[in-house]
Amino acid sequence: MAAVAPGAAAQPSPSSTQVLEVANLQTYFYTRGGLVKAVDGVSFSLVRGETLAIVGESGCGKSVTALSLMRLVADPPGRIVGGSLRLGSTDLLRLDEAAMRDIRGNRIAMIFQEPMTSLNPVMTIARQISEALMLHQNLSRGAALVRSIEMLHLVGIPEPAQRAKEYPHQLSGGMRQRAMIAMAVACNPEVLIADEPTSALDVTIQAQILEVIAKLRRELGTALILITHDLGIVAETAERVIVMYAGRKVEEAAVGRLFARPLHPYTSGLIHSIPRLALMRRESGPADGRLLEIPGMVPALSNLPPGCSFAPRCAHASELCRREYPPYEEKRPGQWAACWHPVVGDSGG
Amino acid sequence: MGAYLVRRSFLMVLTLFGMSVLIFVMLRLVPGNITDIIFDSAGFVNEKQKKKIEQQLGLDKPIVTQYANWIAGLAKGDLGYAYVSEKPAIDEILPRIPVTAKLAVLALVFSVLFGVPLGVISAVRQNTALDYCLRVVSLSGLSLPSFWLGLLILMAFVQWFGWIPIYQSDPGSLWKEIALLSIPAAAVGFRSSALLMRLTRSSMLEVLRQDYIRTARAKGASDQVVNYDHGLRNAMLPVVTIIGVEAAFLIGGLIVTETVFNIPGVARFLVEAIRWRDYPIVQNLVMFIAIVVVVVNFLVDMTYAMLDPRIRYES
Amino acid sequence: MAALDHAAELEKAGANVSSRFGAMLFLARSYPLGAIGAVIMVGFLATALFAGAIASFDPFTINARDSLAPPGGAHMLGADFMGRDVFARIVYGARISLAVALGATLLGSLFGVSVGLMSGFIGGWFDLLVQRLIDIMQSLPLLVMALVMAASLGPSLTNTIIAIAIPLVPSVARVIRSNTLSLREMPYVEAARAVGMSELRIAVSHVLPNTLAPLIVLATAQLGSAILVESALSFLGLGVPEPHPSWGRMLSESAAEYVRTAPWLVIFPGIAISAVVFGTNLLGDAIRDMLDPRQRC
């Protein structure tokens, strides 16, 4: 197991185990409303078997980041305008479309949010899993079918041989998401991106699906990028967290450190707006146990304020914040943030 | 599937029943009764003769009885009496059906052959020059009145060959007949193919926006596979139902085109019957058209059900 | 990644449009076909309104000397069998087409909207009945239904409008009904109900305005159909009667014969019909694309 234990260096130095390095990724949308910098200079790296969570409110650019990694951003209106995406030794942004297709579903795979609509309604489950296998591993139809059934078994679908012959609408939401996962990991990818994999599911099924993903990651050694707005899931699943706000990375740390001592007021706000966590940690906030909310709304990405994008909603914002975007720096060992006035002191209990 | 078949059959019978009532009522919107009109156009009124015809048509009976008699007659194949030719109507209608049927099938083949592939190409190449061209062509196709298109074709034949492709009642061989019919069929089919192309295009575009298309791309499938395997397979389902809509659209085209090309089919006979004000015949012909449309739509729905796993495996 | 010219890209996407004229220009550039359609429709409207000023001949004057005069000479587009000026008849014919298209579409929409709204709001047996009736009416081809209605009602301009309007009702009713059903579930409608607004008030002030977009799309498409059906009815001699200069009627008078002897009598009215219908179709498509956000980008 090459997984980095929680609490280890959050920003691993480039090493042989590093599978993905994203540097200064910029994905812009050219719309009638103006230039939308959906992802603006995001960098991170990923080592083998690691789980990295990207969190933020909807519209913060986390899903566009995921689609950018697959180079699946719809053009027009979107386009990756800068940065580099290194998978092993290849820069994905330099590949032509045919070479990129060999990567997709093979070395990087993705689990989408909506299991209801993300599976083709007129193809059997087996056929949809086989497709990636036949494309990337040159399996025959028969061999691909056998492998598909194995995959269905692996993700915990009962009677996989029977289910394989069925169509998506014959499966429950949880089963469909399992099938979707089987499809994504069929070719044993180096990087698995899960974009809100459980948001569309019942709470009772969410835990099962997360367990399946965690198990596969352990068994296959896949690095996982988990995109979610649910900090509960992050706390349970991830090792390292990136917090995004308005298209930029505002904080990054190992999960324990981030939850214990958030630096960015936005991160702190996110953590305090979660009932379960606040209770679990029996801490701070107002003494009467009320939840804190983050006032205001995510600003329109086409019309960002000149300084820190969070300043209009931030209690600690100063003149400096409104004037100049803060540098992204290591404020504590292993904990980076972009903030002029990071939350100081130990907010933990 | 079984339950669906039963439900759908019931619905078809219900529609046909409602249709017969609607047609019956529509043709009685005319002030006065049919005999008045027949005699009006004849230009003289002989009270005794009028009474006799009224009796023959059963117009002296209550309206509900009239309706019941009509339906009973339809069931027995008794379609009444054609006044102009003084023959039983069934003898006028039956021999005209094969010509119209051949023309309709040819036109449908023409429209499917052109409409579906061009619609798919237009969608896949959305917003390219080719897409724009195809869209303009299909829109202009829908903008030409089909009778005018027929007239233009006739004019072209006169201009270039000095000859008009007139349908002969005994064309010799089937192939010769098909060759003769293919010209009016193209006139009807051009408009239908334009409609089919537009509907295919939008159906295909709708499918290409779906999440599962993105999933297919994420698997590394090529554009070919994504468009034609994942996309077309889903887009063809609505296209099948569109062909049902086409059937109704086609009949409108047949009516004017048979008139322009002077083809002795049922569609032109309807216009003639209306001109002669032979309302019993009109009533039966319209009912016949309705039955054809409803049955075609029923068959289309059954095909759809067989193609769509979501209905096929309905529990 | 080559450096991109953000300004140029944004210009293409239509940002930085400020004035109303600029917005129109942008629309015209994004929907060039729609702009052509709009120009055709404006031309058609102007022709119908100012027919007297455009045509130098009276469309009704019979002149035996000019019978079947070819285009060129005094009659720009030739003259028909009765020596009436074809150009004048086409120009005045725009009025008939406009009257029929607008009349039938408005009448059909009015009925369709009322029936669809009621069906969606009352629900129950009424809705079932209306749905079946819509199914039944849609099983009859538009032209067949219009033919039968026209034959029943007898030939006149008003009757032609009614005969075309009735077959247009079901598709409007169906669209409005399905929209009403989904709008009824909207939170703001529920809220209006919660504060005690009457169903009628909700239908008129909350639901109706929101069905406007699909109605406009449908109505534009129906304008074209109405013109085509009118021309077919008149061509078959069952539409607008003489001496009204209906484009379809102009084509009917032994058209097959004139194909050989006087092609101008066949060509020009047909061009008029096709051009106007083409215009409505172009415009309708552009409006649909504009109002349906999924079609964009």
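By written order: A, B and C. Residues from 1 in each chain.
Keep in mind that, in the parts below, a contact is a pair of C-beta atoms (placed from the backbone, for glycine too) under 8 Å apart; a residue touches a chain by one contact, two chains touch by 3 or more.
Here the structure is a predicted model, which is why all the values come from computation and not from measurement.
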Most remote chain, CA-based centroid, reference being subunit C: A
Interface ranked first by C-beta contact pairs: B-C
Distance from subunit C to subunit A - Cα centre to Cα centre, in angstrom: 50
Subunit B-subunit C separation of Cα centroids, rounded to whole Å: 22
In subunit A, residues with contacts to at least two other chains: none
Residues of subunit B touching subunit A in the complex: 210-212, 214-222, 225, 230, 233-234, 237, 307-310, 313
Partner subunit B, residues of subunit C touching it in the complex: 33, 132-133, 135-144, 147-149, 151-154, 224, 228, 231-232, 235-238, 248, 251, 255-256, 259-260, 263, 266-267, 270, 273-275, 277-278, 281-282, 285, 294-295
Of subunit B, residues touching subunit C in the complex: 11, 14-15, 18-19, 22-23, 26-30, 132, 135-136, 139-140, 142-148, 151-152, 154-155, 158, 164, 205, 209, 248-249, 251-252, 255-256, 259-260, 262, 270-271, 274-275, 277, 282, 286, 289-290, 293-294, 297
Complex contact set, residues of subunit A against subunit B: 70, 72, 98, 101-106, 109-110, 112, 114, 117-123, 131-132, 135-136, 166-167, 169-170, 180, 183-184
